[in-house]
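Some notes on the structure that comes next.
Chains: A, B, C and D, in written order; residue numbering restarts at 1 for each.
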Amino acid sequence: MEKIESFLSIVENYKAVFLDSYGVLKNFRGLIEGVQETLDFIQDRGIEFRILTNDASRSQEQQSESFTRLGLQGIPPEKIVTSGMMAKQYLQLKIKGGKVAYLGTANAAHYIMQANLESVAIADLDKHDLDDIKAMVFLDDEGFDWNYDINKTVNLIRKKNMPIIVANSDNLYPVAKNDVSIATGAIAKLVESIINKKFIHFGKPDTQMFNFAFDDLNSNGRAFNKEEILMVGDTLHTDILGGNKFGVKTVLVLSGNTTPGEVEMNIRSSGIIPDYICESIVG
Amino acid sequence: MEKIESFLSIVENYKAVFLDSYGVLKNFRGLIEGVQETLDFIQDRGIEFRILTNDASRSQEQQSESFTRLGLQGIPPEKIVTSGMMAKQYLQLKIKGGKVAYLGTANAAHYIMQANLESVAIADLDKHDLDDIKAMVFLDDEGFDWNYDINKTVNLIRKKNMPIIVANSDNLYPVAKNDVSIATGAIAKLVESIINKKFIHFGKPDTQMFNFAFDDLNSNGRAFNKEEILMVGDTLHTDILGGNKFGVKTVLVLSGNTTPGEVEMNIRSSGIIPDYICESIVG
Amino acid sequence: MEKIESFLSIVENYKAVFLDSYGVLKNFRGLIEGVQETLDFIQDRGIEFRILTNDASRSQEQQSESFTRLGLQGIPPEKIVTSGMMAKQYLQLKIKGGKVAYLGTANAAHYIMQANLESVAIADLDKHDLDDIKAMVFLDDEGFDWNYDINKTVNLIRKKNMPIIVANSDNLYPVAKNDVSIATGAIAKLVESIINKKFIHFGKPDTQMFNFAFDDLNSNGRAFNKEEILMVGDTLHTDILGGNKFGVKTVLVLSGNTTPGEVEMNIRSSGIIPDYICESIVG
Amino acid sequence: MEKIESFLSIVENYKAVFLDSYGVLKNFRGLIEGVQETLDFIQDRGIEFRILTNDASRSQEQQSESFTRLGLQGIPPEKIVTSGMMAKQYLQLKIKGGKVAYLGTANAAHYIMQANLESVAIADLDKHDLDDIKAMVFLDDEGFDWNYDINKTVNLIRKKNMPIIVANSDNLYPVAKNDVSIATGAIAKLVESIINKKFIHFGKPDTQMFNFAFDDLNSNGRAFNKEEILMVGDTLHTDILGGNKFGVKTVLVLSGNTTPGEVEMNIRSSGIIPDYICESIVG
């Protein structure tokens, strides 16, 4: 089960495919060579696809534009599911009025505004006037001063008991061939462990994004069942664990976080077992 | 938001209600007095309900019969959602053939057989013949010898890399007024931490049971949205955290795990905030 | 055992006393009023004392000067034991030559230089020339840019397998009446959990500082046994847990991290039980 | 630094050596062949030695007899340091009168009696009469019914706030070539995580046993410093981590928990680095 296989010969047996973005379609260098052909192959055969990405820094539209800019055609905004959308949905359903404090860029705060709520960057928060603050969201690792604003966040959460949302659960993301950067999820977990409260985490491996994409597939008159769907990702602890738990078949690709030299050891030591392993989605 | 309110005056504003079983409908003494009236009230007003229970030891049918035996009428099997059903669904979708080893009673193993797989109690496992074993499930804390069978499980999982499923994530359950018993989830976490592999956990606070109940509600032609649904439970870390994350309104009742004397401190220290607090679902 | 008692009536029964610094002798406002009298009382009765502080940002000499500057007389450098000294001792014994990278102020790096090793701030590290780097030390939460330098540290530790030392295990320290700041220990634990390696942590509750102070007491010809020693601190998880484990009697004071309103709940929920509780060391 | 070296050529440069027992001197089959010659070599050269073992099930005397019975001469009781002795010392210093409840064999309870305290097996505890119970100790994984007595322990600790001592921190121990058994430390951590209280853990990697052995070496008129001492063990997370932190040189042997095939990966993934690696202490 752990031998390397051709992605095209696998995907052609499915009616829909969920694709992680980073490490599957693109990496720090840009588009992974050949992915346009694979996407065309999928669409030519009438296989439905959705992009599932742990990203709360950019909207569906911005992510779609980014693919176009990199040279990948055929990914409209509505085919992209982000963990930021899960956070937005939570805010819409559970927070009625008031302001939401956030860590991240002003751009990421669009997710809050789309939930019809007012957003306040932690940096701009008046710590003596917290009455209107109804929730706090970890959106992005960029856009703020870590020394100052993470400490301000700790003090905010100690003083005001309210829902704390983590819109991206990733710990690390690659920024160059051998370099990584700490992601939102790790910053949130630092604060969570210090404060000893339970935050509400969105993003793979949680199955909520899978459910969202699944319901979306089935909302247009067609009927998909889980056995007809394939999840493709480069990370065992998010893409593969989540896909397995949701009940779809899973493909681990070696074009991102997991390298050919480590894959066997990583599967053995984690106990997270993909149904297939492919070099990439190309070929 | 944290004042005690009348359950009936809350529930009448919703189109559907999800009810935890233990601590809400019954406790170690039997049925909680007055729940029949509340159930009748719900049904008379055409409010849909589902029972969501972290239990993998008994089937829907057995749970329904158990309610009848205790004297509670009107809970047919199909209105009960158990974490064991999530585990069964996983086995059906992801394990094709072979045997599934389990910890639990022979009765709990019905969940494995319903997935068309052969079950083997850990006690009966021949440790020199593991080829056919395709997965392992933690089903129940009863039905086996802890000294012997937990150790056998540790050795099985060290030797064979395969999916490990936890069909009930609870750590503790009450067995008498001031006494608790260690539940399946805690036994599984002990083994998981020793082995350092990732198991696949089902049960609240995970949102998969909520999604299952939600899809079931919407499968009969009626259309429910999340804002019309209420989740009721006695435990902050499972019922309320899960309900909040799924995006429905939540009621914490004080007839089970959370007592009136602790409720304020528990909410403050955990950061898990219900929308309403009621003494019980009665009155 | 948990009633409030007079500190002087307790301490007079002991031959030596170990005192935490922050929250016991001083706080964010400066010296705690009346501590000079208590220190005089202790010295007049021939009771030996040592200050045990989780601080790796300043040397014994600097800490002694700081007490003098605040107006507290009679604390010479040699009576102060810092967690930075434990880190220094480790470096002296285990790292032979080469450079030690650090997070912290240039002042804190004196601990590295006192171990006869060359220090390099993470900010100044050439990431393409790591051959000479033999260890890395978390010294202080100040003196560096968190966004940039914590990420650089993560990448350093991923690339080079070497001892990583945490010279102060504290998670938080108070900076104003209701405000705290994240301390070195929490930053180190963030990196440790991301990297999944074991760092070497110094500072209370670890008993090494207690042993150091104990050996120092017994090095001058006098003989102390543990039953004649009292540990005084304001924090259950460091001072009291460590003192209990080392085998000396413990006093929790309510002039710092633990407040009168919380003390009973904190002891009950943590299971860390001091032998005595006093408002402060005054009176 | 990680090449395999001859143990005898290393040890002859030291004045004292600390040896782990299981995996170094013996294993599940009995004595490791050739260890008598190494012990003779050490003694002939006047090198002092101590055995440091995470064992709270048997006394120094019993362990010494056990070596003799296996055929290893020259290990008198006073050269053996057990984690049970650390627990005993804690009880002597901190618990004044009353009874101590325990999990373990009646034989292990000798550590409690040597502290002049009365011992009560959890199985024999009257749960309605807890007034006299002053502490609880996890001594051994054998001698009790796990189903019944671990649950009884959980309820005891929930009802009575008192010191909880873990006399052996190990998670696993080998019982056959490829089989392990859950050790006391893992059972204690299960209860600790359920109860969410801080227990007091003894045993390597904690440095208290190293300090005890070090003080003992220096108590007979001879003067040892840490640079003249070598720690030898088969387990990175206990022997090597603890020895490194204490400040002595460390040897990892491959005759126990760590196998030649895994050693490089284990060192890289844990970040715990021994100063030397040897096949065994033989040759």
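Going forward, a contact is a pair of C-beta atoms (placed from the backbone, for glycine too) under 8 Å apart; a residue touches a chain by one contact, two chains touch by 3 or more.
A quick note: this is a predicted structure, and the numbers were derived from the prediction, not measured.
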item	value
Required steps from chain A to chain D (each step between touching chains, minimum)	2
Copies chain B and chain D touch via same or different residues, half shared test	same
Longest centre-to-centre distance from chain B, chain (CA-based)	C
Rounded Å distance between chain C and chain D, as computed from the means of their C-alpha atoms	27
Between chain B and chain C, centroid-to-centroid distance (C-alpha), Å	45
Centre-to-centre distance between chain C and chain A (centres being mean Cα positions), rounded to whole Å	40
Two or more partner chains touched - positions in chain A	269
Topology of the chain contact graph, where touching chains are joined (line, ring, star, complete, other)	ring
Interchain pairs in contact, sorted by label	A-B, A-C, B-D, C-D
Residues on chain A engaged by chain C in the complex (per definition of touch)	145-147, 150-151, 154-155, 158-159, 171-172, 178-182, 186-187, 189-190, 193-194
Touching residues on chain B, where the partner in the complex is chain A	89-90, 93-94, 157, 161-164, 195-200, 206-208, 211, 215, 226-227, 237, 241, 244-245, 247-248, 267-273
